[in-house]
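Look for chain A in each of the two complexes below; its partner is chain B in the first and chain C in the second.
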Partner chain A sequence: MAYVATRGGERAIEQSERLFREEMGGFDRDRVEEVKKSLPYLIDRVMGEASLYDEDLAALALAQTGGELYEAVLLLRAWRTTQPRLQVAAPIEQDTLFTHRRISAAFKDIPGGQVLGPTLDYAHRILATDVLQGAPYAPEPVEPATNPSPAYQPSVSAWQAENDLIDPPTNDPTKGNDIPDLTREPLLFPSKRAHTLQSLARAETGGVLALGYAAMRGYGQAHPTVNELRLAEAEIAVTHPDGRQFSAGRVKVSQAEVVDKKGEKLGIGYAATFGWNEVKCIAAATLDLNSPGAEKGSATEEEFFLYHTEGVESSGFCIHFKLPHYVTFQSSLDAMRDAKAKKAGQSKSSDMEPAE
Partner chain B sequence: MSLTALTKPWEAMSYGFLDGSAKRELRRKMLKSVAVPGCQMPYASREVPMARGWGTGGLQVSLTLVNPQTRVKVIDQGADDSVNAASIRRFIARVAGTPTTKDALDADLIQSRHRIPEEILREDQVLVLQVPNPEPLRPVQPNMSIARQMHADADYGRMWLQLYEQIVRSGRVMQGASYPSLVHGRHVMTPSPIPRWDVPKLHMAKHLTILSAGREKRIFAVPPFTRVEPLVFSDVPYKVEEHGALTCTRSGTTGFFMNEIPRDDGSSAFEVSDSEWGVKTIRARDGNGESRGETWYKDGEMPQ
Partner chain C sequence: MDDTLSVLARADAIQLKSFAETLIPDLGEIEVLQSQSGLVMLPMRDTAKGVAFHLGEVLMSEAHIRKGEVQGYGMRRGHDLEASMAMALVDLAMATDVRRADCKAFCNAQAEALQQADEDVLRRVEATRVNMETF
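The block that comes next holds the complex of A and B.
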């Protein structure tokens, strides 16, 4: 007799991966291109959670994993972490964002105007079943406005700061490589401001929403008003070694500011992420708004929400419970059986005690 | 000197997957953790091509320590053939070109999930333990920043209280695996979820043990010849699992940590958990030569 299982593990894992891949079959550049073109909001979400802005790689990750989102994000993160950090782009000011959509719920009108931009907010959510009957879906063409809104807009909070409604955050002069980088350092608490914002930027959308929603429903101290929500494109300005600054391209970004009454002024919560993801930004900004002074262990405490919205870590740990745990289980069984035997022994001896 | 002299040809992947800056950070943190035994050192913990919670902390340490000559053994719950052990072994060999082995005595580096081999490890060997939760105080203090402060103050009162409460309620310490242990008389650490059976193997061991939690981003170490003492009360001695008298139904070996296999008739059979020890025992029994080394446990007892 011998241990026949010695090579079993290797064959089994190989075949199980093949089974998974068989369902999607082979794929090529055309499929990746199709994914990229047809699912821009999914691409955006994945790029945000992966903290890697590359539409082609995001589409590739989705095609390669059959849309298993956690797997796609992990693929991109594992690729990203091996890449050298060549440059730190210049900071982006809000009024330099090429803005597609910018709304405020705090005021009826705002300097620069309410810009609805692209949204499904007012669409009737009716499934286009005709398409399945063979009728192709062609969206109505957009009619250009006679007075297009300006592409660059000031921030609403800048106006509030001018009017003494808000204490603007103090200017952080940290530059370039000195800016704390969450992908190169561990997250420690109390968290550095840069780490908090980076962590929220790459948090898992569903996780941020769950905890943000808990805060909105009343498990937080502050009720958010959307001061400003913006979908935009940001210019990535980097410096050439010879000193010239140039644009490395534009990336889609979304950001949200939410406010709440805090004494005589407004408290502000902020979040931004790669790609257009409004739900995530509003929920994340709500957590940020609620975090100062939050009770330890509450859903709005920084340590609690930053740890538990980290999608790669939370999903990985969740699926790790599929791994065999029989050694730890055996160890607990041993303690339980021994305690049980001790109890049985005790009750037997107490039975024999004479009644008082 | 020209610029080309300073660069190297482009490669799709760094040797051992991790890039130089990640390895440098890990080396620094490993040195720190050796310098302060049992103390948890935070590190960035890069993503690797494996899911968090599946040995990514151990993997990052292994990938940093290996060179093309390092003979690597990977075990999961004691077994080399366990699916995830096979996956990790294959990955290390693929990205670092290391030879692999199943023999604990033959290995330079052993990455393990939740077991320490039954054979005594030597000075020249490194044991890398995968750690799901690096914080022994988690059951009494889930908040990591407070727990960190408690370690700094050596404030372990609640730890002791928890053990005491278990004894009062159940008549014994109910901690199964991950038995909290005092390292070098200063820091309480979790030895990772190894069974209680394995904890005494760490005490004054000749080999270096590095414990790494990838998801939780913490690394800590037990340097060679360091005291590792399970937290016990002087009148309630430390108790390992009662496996000393069990016999493996496959190999016939007795006196080692066993896996319990439920049987149809309601009874249990036992198989030795250290699978390679089982293989070696079978080989010796079948007259294929003796390859077993000296073991920590003798006749099912750990010599004091």
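The block that comes next holds the complex of A and C.
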């Protein structure tokens, strides 16, 4: 790639930004609050892809960019680099998740039972056009049960391990700053598992879905069955200066396990992300399930899917193509004209009689 | 996990601030070591291979104060330096036996409210439990 220093266009650039922002209009704290309240699943998606959990900041980024998701995520990723890291919390363990939804497509009678939680899985998809005619939409209220659901649900895979269906995992004791961190070190291949899962956690939802869907349709080695899907709140376990550990609050998380027959046991793929985003987790877990032994350059090969689902890098690379490439393009044209001229010269000389 | 600190971290911000303000005269001179917002990296355990990986960072507010050799600390979600400072004041008051009974009563009331809110959520969640029938 070649670059050339150019001048001019300063006024056009300034006015173009003004045009974008003016067409979008002003915004204030009330707008941010409204975005936060009315679009929780979009907020979750942005927080997951930004790898930064704060509903106010995510709503602000959406308000500031008019909902241009790549710009919103970029703003948040850039902002986080200006902030100090106060601590690394203790790892979230599955059995400590305050669970709102936990289902399995693999087994009907899982320990703890199937709890649907908030979902549109079985809803009719009908656009509420009456709202546009002035009729406000008011949802039917939930009829709460007499007794609460257990806050913590047992693990489906642990139960499968007890039944010799999967190999139980051995807990890695790595913690704190020793856990590999993509925000401080490069992604190298073969990737460390901690890097793979961190990268999938912050991956762009559409990219993960596209590649995961390719694997589901047969361009992979394993067909996923959702072993367990969980929407929950996780405690942020931090440490007081005197050593006491406490929860400094909760964040919403999603987690998916998918399985497939692998020899005499089940192979298992896993993914999790900030916020409630089931599609991303199931697709990401499918990629994790398919990646062992995947063909180089295939959609399910780790290097391929990790590089191509990083939203900030991929969108940035895509949009850079609209920036001036005058020198590189001119060079291509020159090469093209040169080849054309040579070809014309060759055919002219072949038409001529040999010199005597 | 320390239950009192966990309750203070999720206590209602307005009530926490107004209660902590009443402790200031009784606490006397306090040294503020830190009052800032920043990020806490949150790891998670992978249930397939048992590996801990980073899910992402959470915006938090932190306050660290001292009275003599005794420390008070507050950390809460979001950018609210007053709330994290209020938490640190209550923590310091309890550690130095300043109006301990009032602090305990405040924490108990907050714990009860949080527990009630959790129970309300879980009763609504329970309404979505599937009772499978096979035929």
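Just a few scattered comments:
In the analysis below, the second predicted complex is superposed on the first by the 341 of 356 C-alpha atoms of A that agree within 3 Å, B and C clash if a C-alpha of one lies under 4 Å from a C-alpha of the other, contacts with A are read in each partner's own complex, and residues count from 1 in each chain.
Basically, contacts are C-beta pairs under 8 Å (C-beta built on N, C-alpha and C of every residue); 3 or more make two chains touch, one makes a residue touch a chain.
Note that the coordinates shown come from a computational prediction; the quantities given were computed from them, not determined experimentally.
For the composite obtained by superposing both complexes on chain A, the positions of chain B and chain C are free of clash and fit together. Of the two partner chains, chain C is the only one touched by A:Asp288; chain B is not. Contacts of A:Ser247 after superposition on the shared chain: chain C is touched, whereas chain B is not.
By the document's definition of touching, of the two partners only chain B reaches A:Leu74; chain C does not. In the superposed model, A:Ile13 lies in contact with chain B only, and not with chain C. Counting residues of chain A touched by each partner, chain B versus chain C, the larger count belongs to C. Applying the stated contact rule after C-alpha superposition, one finds that A:Ile319 touches chain B and leaves chain C untouched. In the superposed model, the angle subtended at the C-alpha centre of chain A by the C-alpha centres of chain B and chain C comes to 110 degrees, rounded to the nearest 10.
When the two complexes are overlaid on their common chain A, residue A:Pro169 makes contact with chain C while staying clear of chain B.
Look at A:Pro84: by the touch rule set out above, it reaches both chain B and chain C.
Smallest inter-chain Cα distance, chain B versus chain C, after superposition on the shared chain: 7 Å. Across the two superposed structures, the residue set of chain A contacted by chain B and also by chain C is 80, 83-84, 183.
Within the complex formed with chain A, the chain B residues making contact are 13-14, 17-19, 21-22, 25, 42-49, 51-54, 56, 76-78, 80-87, 90, 102, 113-115, 132, 142-146, 170-178, 193-197, 215, 217, 239, 241-243, 250, 257-260, 273, 275, 278-279, 282. Chain contact summary for the complex, chain A toward chain B: residues 1-3, 5-10, 12-13, 74-75, 77-78, 80-84, 183-190, 296-297, 303, 307, 312-313, 315-320, 323-336, 338-339, 342-343, 346.
Per the touch definition, chain C reaches chain A in the complex via residues 1-2, 4-6, 9-10, 36-60, 62, 64, 71, 73, 75-79, 91, 118-130, 132, 134. Interface residues of chain A, counted against chain C in their complex, comprise 47-48, 50-54, 56-57, 80, 83-94, 98-101, 108-109, 113-119, 142-151, 155, 157-158, 169-172, 174-175, 179-183, 193-198, 201-202, 234-238, 240-242, 244-251, 253, 255, 257, 268-270, 272-274, 288.
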